[in-house]
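Scrolling down, you'll hit the structures one after another.
Two complexes follow with chain A in common, the first pairing it with chain B and the second with chain C.
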Partner chain A sequence: MTELLQGVLVAAGIAAAVLALAWASSAALAVGAGRPAATALGDPLLEVCRLLRQRRRTTVSADVALWRLGGWGLLPVALLLGALVPWGEESLVPTSLGVVWANTLDVLVWALVWLLGWGANSVAGLVGGYRFLALALAYELPLMFALVAPAMAASSLDLAVIAGSQEGLWYAVWMPAAFVAYLLGVLGFAVRGPLSAPAGQETSGGVLAELSGPDLLVVRLGRHALLGAGAAVAVPLFLGGGSGPWLPDPMWVVVKALVLTASLAYLAGRLPVLRVPRLLEIGWVVVLPLVVLQDLVVAVVVVT
Partner chain B sequence: MVETSGVLVDVAFWVCAAVAVGFGVLVFVVDSMARATYALALSFVATGGALLLMQQSYLGVIVVLMMVMEMAVMAVYMVMFMGMNPALMPMSMVHSHRWAIGAAATTFLLLGSGAVLVPWPVRRGAPAPDVTDALGRAIMESHMLVMMIVGPVMVATIVVGVVLSSARTRYDRLGDDLDQPAADPPQEVR
Partner chain C sequence: MGLTQQLLGLATRRPRCYVVEAPGGASQRMAVERELDARGWRPAWSPASADVLAVCGELLPELAQAADLLWSQLPGPRARMTVTDPGEAGAGLDEVRRQLTDDPAQRRAARERDRDEVSPRLASHGEMGHGEMGHGEMGHGEMGHGEMGHGDMEMAPGGIALAEGAEDRDGLEMDVLTHPLGPLLDRWPGGLELRLTLHGDVVGDASAQRWGSQERHRPFQVVAWDAVATTLSLAGDERGARAARGIRAAMIDEVEVPTRRAAKLRTRVARLAAWSVVPDSVATTLLDLTSDADHAPRPTVRVGDLVRGHDLADVRLLIASHSPLLTTDEHEAAARD
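Presenting the complex of A and B:
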């Protein structure tokens, strides 16, 4: 019984951490886009209140089941990503395949965002959904090969083992290409910054176009939570997990995740949106070969 | 404690199996390409769950990963080739009813009777302590030749498929050495 209670408490703690990261993402993004810091911190609360009271807009012949599935699925995916992160000694769901699970969860976003665009039965949403799949091809392959590097260096797919094997030197330091490709992937599955064309303003918000009220709220929250959870997964993968002086391990994971989330979101707010065909060329002609080279370097280092 | 968890695993397995079959049936019942595709995706996710419960963790996760990705892309192809208007035009997901039902029933009876009637051999040896590691070794050592042949064949199939279906590729657009100015828009509508 106490075990069950402990599990529930840990789950609640992880949910709170992911929501805090989502808040940090939202505030840092707004600051990056030029909003004063004090307003940016308060905005999420006001927006939650506003959207909870907003009446739901409907479209003709919407495929409501698929539409809602796409929208309400994003936040659970982010929470599950958070559950994979070893905040203390191990993660909430003890698994020796943490890296593969993280990859699987980010692939679920492919389906969810496309369904979000499809379900509304609106041109803008449909354009956004199709853009997202093309964009996903651009970021997902570099992301997958980026995940290979730390797993290979630690010879384990377990996030806790990977975090523990970075004594002295963080993987982010000697695997910069993999780290950057991973963060690019995080921006991709959170649909943010240069990779936010599927929700682009020139298509009236793309996949977000017809959303309103609580449906819009969970999607916006889900995207910020995905950015935060993606950054939190990067902590055991590339930033040494909970290692650090003075503070206890879980605190270090939280601090690193917060700093990474805020920096990534701030950067996303500063950068312009890129057209998907351009991103596809950058992703496959520049980033993918660099990441494969990175994997080769790691493999050679591990073998010798 | 061990017994209750064993029962729980059994219950979870049968739930996964029922969900997999149920959504598999839905594929033919629903009236839109998107719904059919994602019903199939959910069926595969349940299959992945069943694999997880059989302690084949790596295979289970990979089934979920690959099938969700594949269905996301397949939905686009289905809609593209069917030319279906999103949600507005309900369409049947079946054709050649009788042939299909006959073929499906025959195959099911054949395979099902095989599974039930054939005397199963007694297990020899024990599973490897780390099945993921064993799978990796099998792929990268004893079955490496097969993988090395299958890989290029699959890539060639994809490339040929795209080349055949695309009216203009980047080699038309940017020249043989990719040094010509880019056409705008990149794809000419024919």
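Presenting the complex of A and C:
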């Protein structure tokens, strides 16, 4: 009984942490786009109230079931990502395959965002959905190879083990290419900043064009939560997990995740949307070879 | 009651406005944009999530229908404003905010709307089917309804005409879809109506028509910086867009234009163009033109030629960055009339 209670409490804690990260992402993104910090911090609350009051709408012949599934599925994916992170000794979901699960979850986002575009039965949405698939091609492969690097160095797919094996030197420091490729992937599956073309304003919001009220709210929240949760997963992968002086381990994970989320979102806010063909070029011609080279370096270091 | 009131206050503190420009309403739109910036209200980028429909300038009777259609896409609670005098932008925004805060009235309106608008699209299908005017669907969702005069209901699920097949550029058969943009759309030249024939998301063909006349007496520099602001905003560069709006405002007020900020923005725009984030024309044509004398002859660009062969996503960026130079295909407009 006490175990169950403890589990529920931990789950609630993780949900709260992911929501806090989503808040940080939203505020930092707005500050990056040039909004005053005080306004940016208050915006999420105002928007939640505004969108909860707004009525839902549908379009003609919308595929409502799949549309809503796509929208309401993003936040659960982010929460599950949060559950994979070893905040203390181990994660809420005990698994020795954390890296694989994290990758699986981010691939799930492919389906969700595409369905979001498909379901509305609108040109803007469908174009946005297909743009996301093109974009996913650009970021996913580098992301997968980036996940290989820390796993190889730690000889484990367990996030807790990976976090524990970075004594003294964070993987982010000697695997910069993998770290950057991973963060690019996070922006990709959160559909933010330079990788937000599927929700781009030049297509009236693309996959978001027809959403209103609570449906829009959960999608926005889900995308910010995905950015935050993606950054939280980077903490055991690249930033030494909970290791650090003075503070207890879970606090360090939270602090590192917050700082990483805020910096990433700030950067995303500062940057304009890149054209999708351009991104494919960057992803495959520049980032992918660099990450493969990074994997090679890691492999050589591990063997010797 | 206290809590409800407080939540209502939070929900309506910064409403989102969907700002559209009527033909010749550019100065009103700039005034509204400036007022929004000053208040920290962020615009809505699609009618679906907007609280307010702000029509800038006076609508032609022909476009009133387009505005009504847009209005029907706002989910509600909603309010509508028409700004005919740039000086009234602030008062207008105050008024719509008051209307949004009036909860009983909003509830009443919502109930009436549920009763009347059973399905506005289907209801209006018959009467609009023959209409030669393309009452600006804005392309979201409800596109193409009824403008295919032949759209019999069997072939048109939900009143939307099915895509037809045609040869794509590579000779393979591909679905083509008629997709209208404008005449009323956010960050879009007022009254410009573009009918795109889409092959997938590539524009196979385009025809353009301009409703109403444009005011021509604004200095070209203001128009050019306005185009830069719009383009940057569409490209998701809100920081640059705000800076460009600032420079535009300084020019309108005829106060000293911050030359250093303008120069910095020029470099930024040039860099973005080099990364093909925005079309080259912003950097090369527009900003060079801004330094020219006002009376120098300027090149014009035909809308159809401009967008043909491009991605749907590029269309709005191209139109925005060329907006001061655009001409529509006159012959076609004449033929339509």
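Assume the second predicted complex is superposed on the first by the 304 of 304 C-alpha atoms of A that agree within 3 Å, B and C clash if a C-alpha of one lies under 4 Å from a C-alpha of the other, contacts with A are read in each partner's own complex, and residues count from 1 in each chain.
Simple rule for what comes next: contacts are C-beta pairs under 8 Å (C-beta built on N, C-alpha and C of every residue); 3 or more make two chains touch, one makes a residue touch a chain.
In this text, all values refer to a predicted model and were calculated from it rather than measured experimentally.
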Residue contacts on chain A - larger count, chain B or chain C: C
Which of chain B and chain C A:157 touches, first, second, both or neither: first
Which superposed partner A:11 touches (first chain B, second chain C, both, neither): neither
Partner chain in contact with A:210 - chain B first, chain C second, else both or neither: second
Chain B versus chain C as contact partner of A:35, first or second or both or neither: second
Which superposed partner A:280 touches (first chain B, second chain C, both, neither): neither
Touched partner set for A:111, first chain B, second chain C, both or neither: first
Partner chain(s) touched by A:95 [first = chain B, second = chain C, both, neither]: first
First (chain B), second (chain C), both or neither touched by A:53: second
Touched partner set for A:180, first chain B, second chain C, both or neither: neither
Interface residues of chain A shared between complexes with chain B and chain C: 61-62, 121, 130
For the chain C and chain A complex, residues of the former touching the latter: 7-8, 10-16, 40, 45-46, 48-49, 51, 73, 75-77, 110, 121, 138-143, 145, 157-160, 177, 179, 186-187, 198, 201, 232-240, 242, 272, 275-278, 312-317
Touch list for chain B against partner chain A, complex: 32, 34-35, 38, 41, 57-58, 61-62, 64-65, 68-69, 71-73, 75-76, 86-88, 132, 186
Residues of chain A touching chain C in the complex: 32-36, 39, 43, 45-46, 49-57, 59-62, 120-125, 127, 130-131, 196-197, 200-205, 208-213, 216, 269-276, 278
Residue numbers on chain A that touch chain B, as the complex places them: 61-63, 65-66, 69, 95-97, 100-101, 103-104, 107-108, 110-111, 114-115, 118-119, 121, 126, 130, 133, 136, 140, 157, 277
